[in-house]
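Next, two complexes with chain A in common: one pairs it with chain B, the other with chain C.
Here is the complex of A and B:
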């Protein structure tokens, strides 16, 4: 039953994400938006360095930005399902009375965003390799590390999304800001688009406390090994150490997600928030 | 005994409608304190991230100022997208659109009220972002001509909100796709209009094409007027940009008036005013 709920939720999410237009416009939408975001950073970099794309800083920025798209897709995707179902479609109460597990349903809803996000990440990286000299050599990629890191990251983001979904259950009117605020904070402090040592010293501990920092570092290392050595922030750590830290943080995120969602879910039922609409 | 109610007509009703629609934008938006916080806090996160990117690549100091100013201007673009262009779609979703059409006033006055209220409320947020960003990153300004700066700002805003009014009539015909199209018009416009870098970085014709968005030239002219090396990095001279902005303002506001009437009739004929396709 759990698998069926998850599969159906994923299919529903896909329909909601994609069937508002024809496949061509949807494909354009899925390509233009992420490429434009990446292009802003490319132009900024190019203007200052006169197009010196061979510096290790460029793949650091470019790959960090590309993989960061998963944060918006998966984490915000899970929590956004609460707002979408409760406020927009007004179906959350029906989901609650259906014989399904709500956390699994919410994670299933994010699968469509994960798929479209993966497409965006792929297109962005291919564009970077073909036109901007991002030095990814398929023969030198550490595929095992890449796949393990990617999967761990997706699990982590889904768990963080579940925590946010729980909190969103208790919020009105500003629920959609919550996902953006967390995603924006992670973008700034996790060294997604600049090395952590650029941050003021008093802010760096925040970066080291964020699991996304280690996740992005692992992904960069798996694709372009030389990038890791170029920046001092995490270069002293081995891949194994980074994986161990990430695994520990995932366990912590799971505990926080379960406790937070259960508590918020209980509170939302107690206060009658499951079918509340606020005309956001 | 019944109290006589004085009903306004003509231009008095027009002004009353503008003020009536602007009121919830200015007063209502300030009531929800968390919105105020998030609308300043979220752009500050992006601004900070881009500032650190420039620092990481060793950019000259004025680029930090460019980012702060561009980040503040994103507030206006977001307001145009979500609270002007797609506003009639939201009104349709909540059932208000039919009331607007039924009301004995002009839809143009309602849109002008939305624009005026949105402009005032967003200007407060943009100012807060500039103040916070300038303090946090120690941005240095060298104001050229205050009156030119004021003129550029008002022309850019009039043209921009005219454009918002024009596109809102197009959104009148849209349904679910409105949300996605507004969402699509964020990053590509940040890129094309040079929110975080000088528009001169592009090839002349690309920059010229991007100038159809009033914020492109408005931002470029304002940067030229407030930063020491702004003129060196400017796309066109400030005077030429002022002239183009004036032209854009006239074109967009008159097009908004024409299109609004046309689209309203079309939407009524096709039964789109009360549809709700979620």
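Here is the complex of A and C:
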């Protein structure tokens, strides 16, 4: 029953995500959007470093940015379903009355975003390798580490999305910006666009406290071994240590997600927010 | 599980906290939407909640369907506490709100319904069979593969109603199911509701309405609710029977400026008068303690040179029951209620 509702939620998510009148446009959009995002970054990098693409900083930034697309896709994918169902389709109350686990439903809804996100990440990386000399050598990739890290990251992001979904339940207005705000905030401090070493010393602890920091580092190391050594902040740690830290943080994220979602869910029912719609 | 009642509430109440309005400091901060509601609905009953806008009907349904926490008291549905045992209640119930268009517009009618069947753990093959059968019964068969965004509001509501019945609930809640439907569609829904409940004695259905006829002709028992309180609860016949001793008259009279209901209410034995100005004449409705009071009424009219065009004695309706309980008609109550929300 749980599996079936999860599958159905994923099916619904996919229907919504791919609701383009023209599949060709959908494909173009899925390619153009991530590449244009990467292009902005590349241009900025090029201006700042005078086109020095051989510095290990470039693959560091390029890959960090590419994988960071998962953050928006999965995390806000989970919480967005609350807003979408409550405000747009007006079905959230019917989902609540149904005998399904809402967290499972919400995560199911995000599966489609994970898939389209994966596609974007893939396209971006392939583009980087082909045209920008991002030094990925397929023979040297640590596939096991890559897959484990990626899966752990998806779990982490889903849990963060669930926490966000709980808070969204209690927010009537502006709930739609919350996901973007959180994703944007984490972007700066998670080593996505620049190594933690670049941050002022007093801001670094913030970066160390972010699970995404370790996740991105693991992904980079698994794809491009040499990148890891270039920046001192995390290079002292072994892959095993990074994985252990990430695993610990996932457990913590799970505890936070369960407590937050339960509490918010209870409060939402107490206050009558399950079927509240905002009339803008 | 052998619950005595399908739906049971005791001392059920709900208070909404109102958001503060900075411009109007003196406004109340709380609104009592429901208070002291005691209901017992038996398995197999088609139970109606009748009340004007803002009476608290939807609030009650939301509590009973686990969407809203009560402020006081408790409620059980199918034997389980709706607040503490939501996981046990949910598989046994379903709910439909009328007068809104919900659903995934990008899915077809059939897809929308199939999706919900999956959330209730139905096998796809059986679900499709039942869905197609219901679509045919509701005259939607030819729209099965239409995207639901292309349906009119009324047809979407029918789809939503099918969603409620489709999952085979033990207890089904319909919040104003015929709101916004045309006469024919309303009739279809009502007859389906009746058949559905008669088909299987394990089923229970609670619906809310503010149409008298719906409550009167459809429901086994009706609770009349106003301003959060249940004022009476019985079979429509028994509710009306209370008024049987009294005499209810409709009078069409020539239009007359200055004719006031109050002038008649002062007469001894007149319970309630309603004056409705119509095109070229006026209609007066009287609830009298007994028939003999009518002569005093007629005298008053003659003294004022009012011509009686038509006089009929009629059977009491639930509207009359409401009027005697509240002192106002439902329409009047809705007007009063909307000017500052009562209380």
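Note that in this section the second predicted complex is superposed on the first by the 278 of 280 C-alpha atoms of A that agree within 3 Å, B and C clash if a C-alpha of one lies under 4 Å from a C-alpha of the other, contacts with A are read in each partner's own complex, and residues count from 1 in each chain.
Note that in this section a residue touches a chain if its C-beta (ideal position, glycine included) is under 8 Å from a C-beta of that chain, and two chains touch if they have at least 3 such contacts.
Computed from a prediction, not measured in an experiment: that's the story for all the values here.
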{"item": "Clash-or-fit label for the pair chain B, chain C on chain A", "value": "fit"}
{"item": "First, second, both or neither for A:61, with chain B first and chain C second", "value": "first"}
{"item": "Touching partner for A:4 - first (chain B), second (chain C), both, neither", "value": "second"}
{"item": "First, second, both or neither for A:12, with chain B first and chain C second", "value": "second"}
{"item": "Partner chain(s) touched by A:93 [first = chain B, second = chain C, both, neither]", "value": "second"}
{"item": "Where the C-alpha centre of chain A sits as vertex, the angle toward chain B and chain C in the overlay (nearest 10 degrees)", "value": "80"}
{"item": "Which superposed partner A:23 touches (first chain B, second chain C, both, neither)", "value": "neither"}
{"item": "Touched partner set for A:269, first chain B, second chain C, both or neither", "value": "second"}
{"item": "Chain touching more of chain A, residue-wise (chain B, chain C)", "value": "B"}
{"item": "Gap in Å between nearest CA atoms once chain C and chain B share a frame through chain A", "value": "5"}
{"item": "Doubly contacted residues of chain A, that is, touched by chain B and again by chain C", "value": "89"}
{"item": "Touching residues on chain A, where the partner in the complex is chain B", "value": "20-21, 29, 32-34, 36-37, 39-41, 43-49, 57, 61, 88-89, 173-174, 177, 180-181, 184-185, 187-188, 192-195, 198-199, 279"}
{"item": "Contact footprint of chain A on chain B as seen in their complex", "value": "32, 34-35, 38, 41-42, 45-46, 48-50, 52-59, 63, 94, 176-177, 180, 183-184, 186-188, 190-191, 195-198, 201-202, 278"}
{"item": "In the complex with chain A, residue positions of chain C that touch it", "value": "16-17, 62, 65-69, 87, 90-91, 93-95, 97, 100-107, 111, 115-116, 118-121, 163, 167"}
{"item": "Residues of chain A defined as touching chain C within the complex", "value": "1, 4-5, 7-8, 11-12, 15-16, 19, 89-91, 93-100, 105, 266, 269-272, 274-275"}
